[in-house]
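Accompanying notes for the structure given below.
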């Protein structure tokens, strides 16, 4: 068994609006001096520490957790799972 | 000028508690069937799309934006900036 | 953390040996200004705290008032200034948490939160805007999650708070008198720590609050966890119902050090505890770190061995940790061990009672000339000036703030934020009214009259709902007390408040002192904040919609007292002039009269005149009712004054009464009889706010335009800079 | 007739709801702790507002995994009236009993204010005393109250008459201004606004009659007393 770090990134599916990202862009960034930013999207990340025998198992376990426990709501969000050695 | 994608990850500094992560771990994940997870930390991510001449400029510009506009509070959080080619 | 050298010497002589490292840390935490009140305590005694309704119990951090029929109301006020100035979200949120636990520790359920917020100039200063916005979110997220309504408060901006923040939070509790915790303990009772885990966050917090803000101490940042606080509230109230709590104290500044020493000292017991039993967040914490950690959301409970199991079951139900960390002894010592090894063993009365200071004071030099006025440019267009005032951050509607606060949860809120005081219904059919007020602009010009003014304003707000003031809370916020000039202003304010308490028989039921409020540019202006609680036996005056033809009557005199007014400071950029002062006899008469009239139930609404003066108070009535009015300035009672002064003077003791024309005679008869100064000054109609002097139009403003500006300007400023 | 008020860790409108059910409408109400089974003889279930599990991860998602939800689902299947208010609505949605999701308000802020609802379906156990399109003055208090469904689901909702309440004007960016929906059978209803805060005239600055009809509808459906 080894310990792995997993980044679970939850973000809006394309087409779903992201008022928070838009607000940061329009009311903060573009009001300042930084005009080269064209888009900001917000996402939520969960960093898991998990013990499993290998990366593949981790990947599938975490995917299972996310689906079963509705870590993300599939109607509006998608989830990306990145596994790293600890 | 090229377009870059930047991931800005904001999370609590080590040693600072993360009640949300704890609740997700204890009240959701560990109550289910997945006992191999030992820790969950939450983070917030902002995905920027930005046009600059190179990666290095992007890195420093985005850092500047985060500091100047107080996108995060250095007292509690740290920020990690990852730049990707678009 | 450290003690000053003479304090160290004193400690040595009191215990007759060198303190251990852990002992030093414990004592440094408890002897900090924040925990020990060493600079202020001697003087605070002057404030009368007794009254027919006040209930005194050992070891309470909150005031208790008997509201009849077997019910009590508890109240307390706190600030979280230093933490909020560096981490506004967490600082403000944990400030709410702290004051709520004070209420809880008496055994009453918290039913309302108030917040007073002060920042630098948000029009110019982006940092101030950031602080403000995040402090509001912090309070909202915390209070909303707890399900305790935040029903009122105040917001003020002044350059003296640049790069700083004053975040004051007051809370009210309610419960049955029989359920009050009567703190007691006997030998071998268990000492239990309940709630969140102890971590390194917040180490040195109380010391931090007692230093000026130069050393941005990172460890003093605290992460709020309102969810666990909510569970603590429910668990404790359940334990209270089961009579499982013998004594209780919340953990605040100074952490376990203060809670243990103060509880033991108050109950005249000793406590022996083992730091290894404390549930910690990190595994490698030293005994001293555990003792001084200010991790939030923790409570200390003393109970008997027989009741432990039941208490543990309740904690388990609410999924909160609960550790037996020690037991009660009879030797009046605070004995801290780790396993078998002793790390501290001190007499509790030594720890809990720092030597009080008697600091020198001296009248500040600036006060000699502050009342002198400057000549101002004449106003050519008063309507424009009015618009500017209505948009000014101090006068603009605070709806952007209180809309973010759940002010209705608990279904008690009869009068909601937006008017003067808010009103809650109580279970015995009575109503509780409350408001907090501060006015540093006036207190700077005259710390004594200014403080009295805040007190009177809070009373006025409460009186406007038909409530008789029954108790006050004071929160005294000043700069470095070691500066004799600052200390003088502190004493002046305190004396003023004391006079008012005595004359009006409104006892002080609780308070807090926050010193060392210094910004990089110097000390803040004296900022006492006063909370007043009022009781209504039957019918609160719920403002009714003002309609065409309704009359406006003013009570009280308008005087040439422009010092600290928004007109001087915001419009003319001038700090100085004569501070409004309260004439006690007049004030009492007016209060009494207004209350009597409200009892007769023919008023449509009552509103006090405060910031922005008559002009703003009348406009507020017009804007919230979307109706115009026509006011004759020459009728306004008081000194003969220029129109700008009649419009904008912030003289105290003034009330605006609105009523139907048919009741005017009745009102005038009553007012004549009680010999107050009053006048019918205008009528509501149309869609314009109009102030005339004789036949001359002074102000002529469309209500809808004014309202739009007034309602939106704060939000626009925050969102769009 | 027994009404269960489900209590989760962090529920905070449970006591308000209980007060209204018992003291105002004379229901026989009972708190039901989320870890215990629902009593067998329950006639209606209400999930009150609050911040279950501190709204962590997403409002309602953790509570949706509570043991009691299994029972709530069984009751739902049996056709027993179930109402979720605010956080209760969020929990019903996250547990799959109702369609859609509640997202952060467009303002990104918590919003506590009075608004008006329009009744769009007066056939549910909680709306049967209303006239269609009747207006209800009522307060909202939420941070994640923006109801969202995709276009296809919205079409379905309309077709199956599952939209129960709409806001009379745009307030938070909800799809189709939706404030409350029901399941296809109509017995499970969720709504963001707080009827329990609006039924007593003392604390209702507008008109408490319309909100009362929500509870009177339930009375009409299940009756009072034994």
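For reference, chains read A, B, C and D in written order, and residue numbers begin at 1 within each chain.
Quick note on the criterion: contacts are C-beta pairs under 8 Å (C-beta built on N, C-alpha and C of every residue); 3 or more make two chains touch, one makes a residue touch a chain.
Note that the structure is a prediction, hence the values are computed from the model and not measured.
Visitor: With contacts defined as at the top, give the pair, A-C or B-D, that has more of them.
Guide: Looking at contacts between chains, B-D has the larger number.
Visitor: Calculate how many whole Å lie between the centre of chain A and the centre of chain C, each centre taken as the average of the chain's C-alpha atoms.
Guide: It comes to 41 Å between the two C-alpha centres.
Visitor: Taking each chain's centre as the mean of its CA atoms, how far is chain A from chain B in angstrom?
Guide: Once rounded, the distance between the two centres reads 10 Å.
Visitor: Express in whole angstrom the distance between the two chain centres, defined as the mean CA positions of chain C and chain D.
Guide: So the centre of chain C lies 36 Å away from the centre of chain D.
Visitor: Would you give the residues of chain D that are in contact with at least 2 other chains, written as numbers and ranges?
Guide: Only 9, 53-54, 56-57, 61, 65 qualify.
Visitor: Give me the residue numbers in chain B that touch at least two other chains, ranges are fine.
Guide: In chain B, 19, 23-24, 27-28, 32 touch at least two other chains.
Visitor: Would you give the residues of chain C that are in contact with at least 2 other chains, written as numbers and ranges?
Guide: 225, 227, 319
Visitor: Line, ring, star, complete or other: which one describes how these chains touch?
Guide: Its topology is that of a complete graph.
Visitor: Any idea which chain D residues touch chain B in the complex?
Guide: Those in contact with chain B are residues 9, 53-54, 56-57, 61-62, 65.
Visitor: Which chain C residues qualify as touching chain D in the complex?
Guide: Result: residues 137, 140-141, 144-147, 225-227, 230-231, 317-319, 402-414, 416, 425, 542 of chain C touch chain D.
Visitor: Using the touch definition from the top, list the residues of chain D that touch chain C in their complex.
Guide: Chain D residues touching chain C: 9-10, 12-13, 15-16, 19-20, 33, 49-51, 53-56, 109-113, 139, 141, 143, 194, 196-197, 200, 202-203, 205.
Visitor: Which residues of chain C touch chain A in the complex?
Guide: Spelled out, the residues of chain C in touch with chain A are 719-721.
Visitor: Using the touch definition up top, name the residues of chain B that touch chain D in the complex.
Guide: So the residues of chain B in touch with chain D come to 19-20, 23-24, 27-28, 31-32.
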